[in-house]
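Across the two complexes that follow, chain A remains constant while its partner is chain B and subsequently chain C.
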Partner chain A sequence: MPVYVDVDRCIGCRSCEVACQRVHGGIGHIHVHFVGDFASVPIFCHHCEEASCTIACFSGALYKDGERTAFDVKKCTGCGLCSLACPYGVVWTDKIAHKCDLCEGRAEPACVATCPANALTTDYELASRRERARAARAAAKGGRR
Partner chain B sequence: MIKVDDSLCIGCKSCSNVCPSQNIVRTETEKMRSIHWKRCKEECDLCVEFCPARALTLVPFDETVQEPDLSFDLVACKICGSRYASEPMLRRIEAALAADSERDSEGLEWIRVCPTCRRSREAEMASRETVLERCRRGQ
Partner chain C sequence: MTKVLVPTICPYCGAGCGFFIAVEKERAVGIEYMLDHPVSEGALCSKGNAALEIVGHQERLTSPLKRRGDGWAKISWEEAIGLAAKGLGDAKKRRGPASIAFLASSKCTNEENYLIEKLARLLGSPHVDNCARLCHAPSVVGLNRTLGAAGMTNPIPDVASSRCIFIIGSNLAENHPVISRWVHRAKDAGALVIVADPRETHTSWMADIFLQLAPGTDVALLNGMAHVIIREGLLDGEYIARNTKGFEVLAESVRDFTPEKAAEITGVTADEIVRAARAYASSPASSILYSMGITQHTTGTDNVQAVSNLALICGHLGRSGTGVMPLRGQNNVQGACDMGALAEFYPGYRKASDPETIKYFSSAWEADGLPTGPGLTATEMIEAATSGDVGAMYIVGEDPANSDPSSRRVRKALDALDFLVVQDVFMTATAQAADLVLPGAVWAEKEGSFTNTERRVQWSSKALDPPGSALSDREIICRVALSFGLDFDYPDAASVLAEINRTVPQYAGITRDRLETGGLIWPCPSHDHPGTPILHSSGFKLAEGRAAIVPVPYRPAVEVANEDYPFVLTTGRAAVHHNAGSMTRRSPSLVSREPDLYVEINPTDAAKLKVVDGDPVTVTTLRGETEAHARLSVGVKEGVVFMPFHFPGTNVLTQETTDPEARIPEFKVSACRISRRD
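Then we have the complex of A and B:
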């Protein structure tokens, strides 16, 4: 997943949703979900290695481009198969499909650049360091990991 | 004119989306999706070309033939009950994906769950550790 989420850091401000909509003509590809009063989680495309949306897409509009699950709007017919094939529910279709394109052409995805809580990152090393630190803290306290 | 093989049509939105002359009319209600193919004289085969199920063919114009009409009951989401997809579309996805990927880590048949509930479940799973920790701290 080329954008990593640190759920502990997310403050549920939904700035990422706004940023995504701003750069995608009003249609956003990231949704912040609230789990009771306890946590908020931005949900968006994982860019799966074996992406079921690309398997379901019959016209070749969705395809793997390296790590990215890319989308060619010219080939899309809006049939709706991809949105039903996505296990995370993060491909939308109206007349055409909409999904995270990792802000192709920008230095950094708009959601990552905007997040005021630094909950989103494209840096695998950072995400991995945070995860290890969390595991270490949990182990030190004797809690379950 | 368009001929529809109703044993092949999966009730998707492709042909009604690509038709440039609005000759294919899709009607969606809460429980049903209906597709109506009007008698058409265009020399255009976009719908045929872009049918994922290869259910459409072009045949010579004939006024006596009835206009094809198909209706699909929409399947209810296993979690929230909202109707979200036609049965043949879900079957097609189940056939396309590997059998071992059709259940999630908790054994749920996720293809039978609507996209909105899939997102909510993903949020719950991704935040499980955080929620546990915050509950513990709050005690």
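Then we have the complex of A and C:
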């Protein structure tokens, strides 16, 4: 998954939603989900290695392009099979399919650049380093996580 | 087609994030992130991302308007300036210059605020203020007394060097989202975060220790912590001896303020108070971040002083990672204060009551008869309008009809004025009450400097022309001043800044050509001075170079829950809105995410009221009643309810009782009752 989420960092400010909407002509592909009053997490396309949406898509509009699950709008028939196939509910159909395109053409996805709390990153090293640091801190406090 | 990227400063909160406006064919076509900005590093919150939505908004004011019966007539600038001059001039002639009051704007540039207060004072009125009165007036009064300077002591990125961050009365995760990036960076390095708030907020998600105190009990919590620190000898005796005075009196005053006593008042357990006190005092570098939860109380000044006491007895000042940080709510509320748009100060915090000040500005401005202050504060102006002592007002970019407490009373006061001129970008509730409305420009349509919450002065460039015949606020003020025969010959913002360099010592070295990305942090006394990111590193600008430790007795809030009004209402902000909402409620991608006024109620209370999530309810206080939707949340304790103040209804409920010194109203505590609406 090319965009990594640090749930501990998400502050539920919804900047990613507004930024995504802004650079995609008013239609956003990321949604901040609130878990009660305790946490929030941005939900968007995981760009799965074996993406069920690409398997379900008979017209070839959805296809794997390296790590990215790419979308060719010209081939989309709007049938909605991808929405049904996606196990995470992050592809939906409204005349045509809508999903995260990792902001093709931008140096970095808008959600990653705009996130005030640095909760989103495309840097695998950073994401794994944070995870290790968290585990180390938990261990230092005498517990496991 | 060539696309130009124009660097600007975000018009919303006080964090001062920068971004580029992409301009093509004189139209704004998008936002690009400013990756090398020292505070935001390219990040923007939801409001910043939506900022362009208000620029070309269809409801923008595009022409001067005068009241005609119940409606408005478009008029020319010549007629408008004539009416403004006549309205203000008549009031001056009839009842003297002190019958005119001015509200400057914390949304306008430093240059514009300087011109507004200069206009007021050259016309002979001491009454000029800005909405800092409603947010950080207690910081100005309290911190000037204890530390000798009212700004944030350390810059925002410096928070990352803290080992313990104490956030009290600030929901920065929603209100200043980019600051949370620096808090997280400190956490990555092992810092401990303490959050004290009556509500479990997005900020409290970051906390290692969360203290959920009852609204209005901050002094009790802070005194309890000071007690623990002194009792356990966690203080910095050397620092106290070298840099402060008044410690003995404080030690005496908190001797009986045990954590158990503090626990009884605040509702936080004694254990947690002890834990927080130990963590704050024993870390090598601790910082305190606070905001409206500290200031918007009748005990606002006390709260601020209690915060500064804690920093002083632990010696957590003047070094990287330490500090007392009042987080300011608007992009230029710091600057408006620096420029002297305050009732008690001329530019550069020169006391308006001091004959030396008057002498200085009489010579600097070549003017006679400058008024001695302090003038009326923003809240007192409204009272004076009701009583008739103020007959005319000139309000720039502020919306007291929505942002002041007890808004029904405010609207009556505005209606009672003989003449009201409002200069704004939208037809706000305040503008609705005006005789004359002058269309101003938003940040993108003018240039000038803004000073963010860290005292960082940044230049924002002009990307677009204002719509229709709207003008930049500088041009409007200059035209009004010229009509009074005043010599306001300022062809651009830089020429005003050049005068500010001469008259405001803190800004002496902050010239236009030095303001590149990242700006300069005042005090910057000369052209080769690098600015002063960290204050108080070598003593304090007070007598003997010592900071004052001031004992603060605990006083309860004015209103407490009672039989008729069993809930305590506290107010605050939501992530996707800003202040009175005149901008964010017009911004489609923001208002769609938080369209209506809601009231957060604890589910146990809701069950007793037979209210479920989403039910329409009526909230009533002694001042009035408001309709809102119930939002059930365990984030508020039983007996406490919360409403955001971005919608017109909320401040109908709040009370006008003010802090005796800083004159800030007690927005944060009102007794209310709630009933189902059906």
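The rule is simple: the second predicted complex is superposed on the first by the 145 of 145 C-alpha atoms of A that agree within 3 Å, B and C clash if a C-alpha of one lies under 4 Å from a C-alpha of the other, contacts with A are read in each partner's own complex, and residues count from 1 in each chain.
The rule is short, and it goes like this: a residue touches a chain if its C-beta (ideal position, glycine included) is under 8 Å from a C-beta of that chain, and two chains touch if they have at least 3 such contacts.
Because the structure is predicted, anything quoted here is derived from the model rather than measured.
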So if we stack both complexes on chain A, do chain B and chain C clash, or do they fit?
fit
Output check: A:83 vs chain B and chain C. Expected answer is one of first, second, both, neither. What do you get?
first
Contact-wise, after the overlay, does A:15 reach chain B, chain C, both or neither (first, second, both, neither)?
second
Scan A:95 for contacts with chain B and chain C and give back first, second, both or neither.
first
Considering only touches as defined above, state whether A:58 meets chain B (first), chain C (second), both or neither.
first
Considering only touches as defined above, state whether A:117 meets chain B (first), chain C (second), both or neither.
second
Per residue count on chain A, the busier partner among chain B and chain C is B
What is the contact status of A:133 with respect to chain B (first) and chain C (second): first, second, both, or neither?
second
For the superposed arrangement, I'd like the angle with vertex at the C-alpha centre of chain A and ends at chain B and chain C, nearest 10 degrees.
120
For A:38, select first, second, both or neither according to whether it touches chain B, chain C, the two together, or no partner.
both
Overlaying both structures gives a minimum C-alpha distance between chain B and chain C, in Å, of 6
Does any part of chain A touch chain B in one structure and chain C in the other, and if so which residues?
36, 38-40
Can you list the residues on chain A that touch chain C in the complex?
9, 11-15, 17-19, 21-23, 26, 36-40, 113-118, 130, 133, 137
State the interface residues of chain A toward chain B in the complex, per the touch definition above.
5, 7-8, 31, 33-36, 38-41, 43, 52, 55-56, 58-59, 77-81, 83-93, 95-96, 134, 143
Using the touch definition from the top, list the residues of chain C that touch chain A in their complex.
30-31, 33, 35, 40, 42-46, 48-50, 173-174, 177-178, 180-181, 184-185, 188, 190, 200, 202-203, 205-206, 575-576, 589-590, 593, 633-635
Flag every residue of chain B that touches chain A in the complex, lowest number first.
12-14, 17-18, 50, 52, 84-85, 89-90, 92-93, 96-97, 101, 104, 110-111, 114-120, 122-124, 126-127, 129-131, 133-136
